[in-house]
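You will see two complexes here that share chain A, one where it goes with chain B and one where it goes with chain C.
Now for the complex of A and B:
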């Protein structure tokens, strides 16, 4: 049906959210004090992480409890590289981090995709905890005298005369965020993405149609591992410290919360969820840091019980209403 | 030989704690199709309550076991009635919900009892050593083995020899047909969930005799209990028992033979089982 509004109005309602997001992500942080800039950076890193989790949970319907394994592996790769060879170049750290995360995803994928349903969940959980205890016990991948690697410097880009500050690092992460966002968008709108959603809805039917569903699940498992590894690499540079905690189930819980609260299986749901979680965490750390898990768990339970579609549903409904009012979107 | 005997008994007693922790999880998974990730948190809650009753109020150890189980059971039942009931046939949401409760229960426990770990405790009557073929062995561990055996027999009897057990097994195989026969499966499910949480709480108090109670137990025990379920096979008491004892023995012997790989033997066992027989040692075919 043809739009009733003028072409200009049509363009505005269609593109205004994107322009708004561009302004908020691109310009707003530059005006904020530097501690807020680093909160924004953290939000973007976790938005990549949550997007990667949504790729496997929201689209392929595989609930993994060990997603942090890839995140932490990427971070550890950067940390170990710095610790044992002293290389801080970003152009070595990034591929290495992603490669390590992918290698672990391949290994874990072979083991965990042998089973399905609840068993898949248990196995991913156990494998991630295995990695956690490896990181805890294996002295070689820890800084002397501690559990974890401290003192990871900001990435060396090989550009002379570049002095890092928080806003530069923010924009640096923003570039990667945009790349990931675009790639995930492309994956989701490819035949591969449709096949994944088909597997989520009915795996048997997809098998009957001649799809090798195991291969599809395996590929998406590895692809999400790569994205989570990238997030982990950025996080290691951002946090300056990587420890076994970032491999464990506590870290796996965060993207899960973000995806559920934001809205699973949607493009911007995980991003919105990451924003909410990171900012609420920041504000709760000002008032009651020790009650944060309670707030997180409570919000999570409420979201699952009463707002299954996530925040995104309400946002898009709100936006559509504005569209109706101005006559540019047909019902 | 003495080292072997001691390891054997240690392994079995640890395995009994694992059985107690895993059996409820396994049965709830099998019967109701719910993966209750808050199971480890209920174990921890039982342990804390038991500690408070036994040490703080100086009461009987057996009362502590009962009250620890009761509190966990009631909390578990509340979660089931208020929340899980509305997520029927939505396995992913059920899992996520119970995972949220891990955080809530853990943080509430820290709020009430503080972050300080609690030491092992036991009834004075149960402390001391007993000579077994010239090998002195702590009575507490023998009592744990005995309790595990008793619980296993009671649960097995309940599962295989009673009407309720028959209903449970029937519901596992064909839910709709069972309900079509006029059986109130919901009430039975409630009972099963309460019983599972109750056993988790009891396991918490019993396990506290070996490991004490601390605030990260919720996830630790969950992980071990899940491994027990994977190795033993879900849905039956025998499966949980075989899984618990195998993991207990593997872990204890692994720790004494290859101390540098302390944690890994358990995972190795899990991976091997998954590669060889994904349904577990005594698993029902799914």
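Now for the complex of A and C:
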């Protein structure tokens, strides 16, 4: 309903959450110890990953269980580049990582988008597992004597005087997070974004209206592949190590959990979900690391049974109630 | 001029002949109503004309162009629009978003990924006209699943009209409606301009005889009668098939 109240109050209820988020993301981590800054960095990387997954799941309604393929491919591109050429320049690694992820998304999209529903889930799962086993067995893309690539240095930005530390890297990731968040926001509100939700709601009607629905699904599959690839590139630099695990089903499951727990088809749902999962993972690793899968699985089941719309629904209800109380939102 | 011609169209589902050798043509501006008992192949006929199904044999021509193997979305760009028997709307979006999606469908802007959908001033004006005609502009911010069944039916038609079609296919536009709601739909169909050719499938005899220029009767996938409403009313074979409906046909005036 229409917001009345004074313009100032209106402005506050509309923008306060954004200012709050800006303060939390922009200032708070700088005041924390460096190991916590790392956790915040990881959270942002996974927020990009989850946001990309939400574009295809929450908006287009396609449930993929192979999203890690693009994430891992981005990471592997950076790792292999370092391993075989010694190039650590970010300006080579980033485009290469995204390009590899996009190429794989094009290939996988052609194969998996021939089917829909449960079959789409199974095909994407199978394709990602295929990539996992390639990474496991192909010695050329592994460091000698191990499965995976170790010793990936922080990216070389070509700025001579720059000495990386955890907070710089955090802000570096934050820039990419903001860019991705903004781009996804623009896509969501564009005719293309609405078309995706139209396809989710009624594909047959979209075709009758003149939309080539296959092409839409294919394009968004590739676009989300690019975002996931970017997240993978950042993750490889962050983690210093990339291994087949980051192509497998365990990693594909994470953004799915984050999106469902946070709230699918919403702007901040995937970000909130990523925050919850990454921080709970951190705290559980302090006290009882071996029980983390149990906690993750439990949280997922609870979210599906009792909080279908995700945490965001409760947050927005809470925020609106505050609005009512101060009389700035009416009706 | 012929808007649509179907030429010995057949469609088999396994051993079931849903359509067998159906041929007819529709002139521009005509209101053709297809009737027939349940399972006569009416919806199958629509699905073949609009491209959701491809025929086992036979051809479909749209303004002289052979469209038999053309995908549905391309037929929309040529000027075909349809509504569905089972409401197929974007239930979790608002009425206005539904209309805007429909309006973008045949425009190049449908692939645009950066600028907001509701920023197109001219399309917003069109959406307003479109929803006004369906008496839904006041409800533009409602989520579609909260609308009444009658309003959803009107939105179904409004979405197909948003495409500015040359041929409109309405699959049971009055199904599940009360008498009042049904007459609103009849009014909506009657107000369509003479440039639009309309093909309707329906069971509601008020609607059938209220809007039809011509009626085709399908029975087990075959055309058994084709003519003006008067001719169809008096056709003995039609009366035989429609034993239960005989009284209905007798009780409605030809209009």
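Rule of thumb we're sticking to: the second predicted complex is superposed on the first by the 327 of 331 C-alpha atoms of A that agree within 3 Å, B and C clash if a C-alpha of one lies under 4 Å from a C-alpha of the other, contacts with A are read in each partner's own complex, and residues count from 1 in each chain.
Convention: a contact is a pair of C-beta atoms (placed from the backbone, for glycine too) under 8 Å apart; a residue touches a chain by one contact, two chains touch by 3 or more.
If you're wondering where the values come from, they're calculated on a predicted model, not measured in any experiment.
Residue contacts after overlaying the shared chain place A:213 against chain C, while chain B stays out of touching range. In the superposed model, B is the one of chain B and chain C that contacts more residues of chain A. In the superposition on chain A, contact of A:205 is made with chain C only, not with chain B.
When the shared chain is aligned, chain B comes close enough to touch A:117, but chain C does not.
Touch criterion met: A:256 reaches chain B, while chain C stays clear of it. Residue contacts after overlaying the shared chain place A:320 against neither chain B nor chain C. By the touch criterion defined above, A:129 lies against chain B but remains apart from chain C after alignment on the C-alpha atoms of chain A.
After overlaying the two complexes on the shared chain, residue contacts for A:14 are found with neither chain B nor chain C.
Shared interface residues of chain A (contacting chain B in one complex, chain C in the other): none.
Chain C meets chain A in the complex at residues 50-52, 71-73, 76-77, 81-82, 84, 88-93, 97, 100-102, 104-106, 109-118, 159-160, 163. For chain A in complex with chain B, the touching residues are 57, 61, 63, 65, 111, 114-115, 117-119, 121-123, 125-127, 129-130, 133-134, 137, 249-250, 253, 256, 260, 290-291, 293-294, 296-298, 300-301, 304-305, 308. Touching chain A in their complex are the following residues of chain B: 29, 35, 83, 86-87, 91-93, 95-97, 99-104, 106-108, 110-111, 219, 223, 226-227, 229-230, 262-264, 267, 270-271, 274-275, 278. On chain A, the positions that touch chain C within their shared complex are 186-187, 189-195, 197-198, 201-202, 204-213.
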